[in-house]
Amino acid sequence: MTQEPGATPTRIELLECNLDDMTGEALGYALEQLLEAGALDAWFTPIVMKKSRPAVLLSTLCRIEDGDRLIDLLLRETSTLGVRRRLVERVIADRETLQVETPWGAVRCKAKLMDDVAISIKPEHDDCARIAREQGISLEQVVNRARSLAEQAIATRDELVD
Amino acid sequence: MTQEPGATPTRIELLECNLDDMTGEALGYALEQLLEAGALDAWFTPIVMKKSRPAVLLSTLCRIEDGDRLIDLLLRETSTLGVRRRLVERVIADRETLQVETPWGAVRCKAKLMDDVAISIKPEHDDCARIAREQGISLEQVVNRARSLAEQAIATRDELVD
Amino acid sequence: MTQEPGATPTRIELLECNLDDMTGEALGYALEQLLEAGALDAWFTPIVMKKSRPAVLLSTLCRIEDGDRLIDLLLRETSTLGVRRRLVERVIADRETLQVETPWGAVRCKAKLMDDVAISIKPEHDDCARIAREQGISLEQVVNRARSLAEQAIATRDELVD
Amino acid sequence: MTQEPGATPTRIELLECNLDDMTGEALGYALEQLLEAGALDAWFTPIVMKKSRPAVLLSTLCRIEDGDRLIDLLLRETSTLGVRRRLVERVIADRETLQVETPWGAVRCKAKLMDDVAISIKPEHDDCARIAREQGISLEQVVNRARSLAEQAIATRDELVD
Amino acid sequence: MTQEPGATPTRIELLECNLDDMTGEALGYALEQLLEAGALDAWFTPIVMKKSRPAVLLSTLCRIEDGDRLIDLLLRETSTLGVRRRLVERVIADRETLQVETPWGAVRCKAKLMDDVAISIKPEHDDCARIAREQGISLEQVVNRARSLAEQAIATRDELVD
Amino acid sequence: MTQEPGATPTRIELLECNLDDMTGEALGYALEQLLEAGALDAWFTPIVMKKSRPAVLLSTLCRIEDGDRLIDLLLRETSTLGVRRRLVERVIADRETLQVETPWGAVRCKAKLMDDVAISIKPEHDDCARIAREQGISLEQVVNRARSLAEQAIATRDELVD
């Protein structure tokens, strides 16, 4: 098990622009471009603009050193003429990664730690989805099994420590 | 006061199409076109399609005799390749229109009737908005005054009847 | 454990109306009224109407014998002048209810059955929420524990059957 | 009538997190928890994330002295691994509370004041909803009557002052 | 150029279910499953359910012969206990596919025909996105060039016909 | 052709308020009021508040010198009791305006410049919509023709420069 304190920056940048003259197809493509270019996260919020125009607000979180580069990408890949930017403070939970062996293959799990105690466990979606697809079983079944195994692993370890 | 039973058809048509390759600007324009062409109502529902595409479902209500013409308009003015259509049954409340004189001008009001009793009164938005704009007062003030006057007019009339 | 085939009607009614002249407060109240009056379900869909008006589509599912009564309620409790209605066919999964004893109290669980096999288990939200609140623990912890116990109960029973 | 200048803080904190791995049931529960724990307000914004995931942005407004405590609650009660926080400046309207006696019971009303003049009046939703429910009348009827009475009360008082 | 009249069925099935107890991650996965299993289209509509639960309506369009199979998939891959189904009539525009050679590679285009006249041209998003990505140019540039070339090709052909 | 560097301020103000006690009609009217009063932009975001209330977040961008005046307007024209405000930094693309002569009339186009190169061209929606309406042709046809003409004009000019 690997603890990763401080792996995630607590001070990042948020970029935003309103888009009412792009198609949904082009918006989906722009989102992919942002994530491939290193955005920490990116998402759309549906909004309503003047003249009954359905539009979206595109939000992008990125490392401060990536801000200028991603603004350049936004100006090139979207129809926006201006990108709003601001610094964002985040409070980050400590987390550790552990791996469990399900009957169908290995799944990484992320445990959220508060005061060094694991308060919740989240199997990695990508691992679970790959297994569900390969095995022809439901995603939910894989997720629940992986979480259950990870809970046992952590409970056992904590007993050993005590 | 004018009662208008049956003014609104109880059997109409609903047209729908999903649009992920139009811009918000073009969508707002298409909505205007539909309403000018005689649609009873038209609206957008924000939806999420494959590949993270924000899109809209465009819905149009129209008289049955206008269905073919509005489908033609949808195929010409939007990017859709197919329009879904179906008949819709509606239950319609009786209503009557009355006009009240506010200190700033006349406002038409619509009373909703259940079992011949006015259960709610709605001043026409367009009348109220025009007055608010002309007089430089808040819309809410005009709406509340008009409704209050209409409630008194109906109460007085009902007493006379009794 | 109690199996409940056919408990849920497969032919129900869907009532719909668009609302652009009610406040959010009044809408939330109307939703409660519908559910208290016996609607099987009711929900809002945010939509965009002419003149840049954010509005909602209110949808209500109900038993066919409740349709007229709930339309009357909609006409009285909302601002709509017309309610659209149509029959809806549903395909329903068989389900059974079982109860498990968590360390903090009993939780009912619903198992979804396909070909007589439980393919997923869902602890009742209300039971879990009540326990989480009373015990000051997280909802997720209660849900996961209850599901895990129900899975074991079903696995044991299935072994006995075999 | 009680005037309450300065009752509402003009400098508060806004907490935000994106949630794509919680269910709607658990989200509704988390909202209640936040409000019970003293949040000034909390709401969801539907968003679209990568891989066509419908998700929500959860926003919470709170007093500055409650920020750390509510961030802790968010980390425990939601699936988020990080909470964004920032200070928010607000411009607050003066308001006064008055109570009116409707035929069905007392309703508190909030008057919004600009330059010491009441520019709008809002009956308390909870009072109106309770009365509507108890009396079996429509919410709208109670709200309109209460507002009308409050308008008269304020008009009378203002005349006395003049 | 290939004309494809009648390639798209005009009578299809619409499947719907409300989901308030799945995560956004699992929803995105279910959407992929539906499309891989042969759904003609599938999308989410954000909705608001009781107890302030943000949820989604999942809609799926499919060929009539695929209806039972996809309902089975929905019952297995989502948390729903019931799927609503209904037949849908569609009016379909004729269309033809042509291919144009841009400076960066071939792009298929779809022309929408009304009364045998091409009224709009839409370059295939997937072709354009692949080229934009490979060449490091903007999607918009590829789309505009392909559409312009296709318009010229159709204009030239139409002149020849005349 | 006119280049307009610096025409758009890079430091502006964002005003926000949550509204759950206004109707959609009144919201659409408030949006118009804001834009007429000089807001740079204004839009609605659908949100979900406590007690299952569908509501909106109203956002307004304005010049810093207009902030106090527009906050006053928001307090008068909407039901809000408090407006959140903050400064916003924007990165603005250079742009130039050129005019092209389509077969149906003149259309202004806006070219977005990066490093003095026009990377995209956007015909003014209002010009295109007016022509489409007057001529009875589709908006898309006007937009595509205008953009194509503007691209040629810029290509020719750039050759001359070289």
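Order as written gives the chain letters A, B, C, D, E and F; numbering starts at 1 within each chain.
Heads up, the rule we're going with is that a contact is a pair of C-beta atoms (placed from the backbone, for glycine too) under 8 Å apart; a residue touches a chain by one contact, two chains touch by 3 or more.
Predicted model, so just to flag it, every value in this text is computed and none were measured.
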{"item": "Selected interface, A-E versus A-F, where C-beta contact pairs are more numerous", "value": "A-F"}
{"item": "Chain located farthest away, centre of subunit A as origin (C-alpha)", "value": "B"}
{"item": "Distance between chain centroids, defined by C-alpha means - subunit D, subunit E (Å)", "value": "41"}
{"item": "Inter-chain centre distance, subunit C versus subunit D - centres from mean C-alpha coordinates, in Å", "value": "27"}
{"item": "Subunit B and subunit E, separation of their C-alpha mean positions in angstrom", "value": "31"}
{"item": "Per-residue multi-chain contacts in subunit A, two or more chains", "value": "21, 25, 29, 31-32, 44-46, 48-56, 76, 79, 119-120, 125, 138, 140"}
{"item": "Interfacial residue positions of subunit E with respect to subunit C in the complex", "value": "18, 21, 45-50, 55, 57, 71-72, 75-76, 79-86"}
{"item": "Residue ranges of subunit D touching subunit E (in the complex, touch as defined)", "value": "19-25, 27-29, 31-32, 44, 46, 49, 51-56"}
{"item": "Partner subunit B, residues of subunit E touching it in the complex", "value": "8, 14, 31-32, 35, 41-46, 56, 59, 88-93, 95, 110, 112, 114, 119-120, 122, 125"}
{"item": "Touch list for subunit A against partner subunit E, complex", "value": "25-26, 29-30, 46, 76-77, 79, 125, 129, 132, 138-140, 143"}
{"item": "Subunit E-touching residues of subunit F, taken from the complex the two chains share", "value": "46, 48-54, 119-120, 138, 140-141, 144, 147-148, 151"}
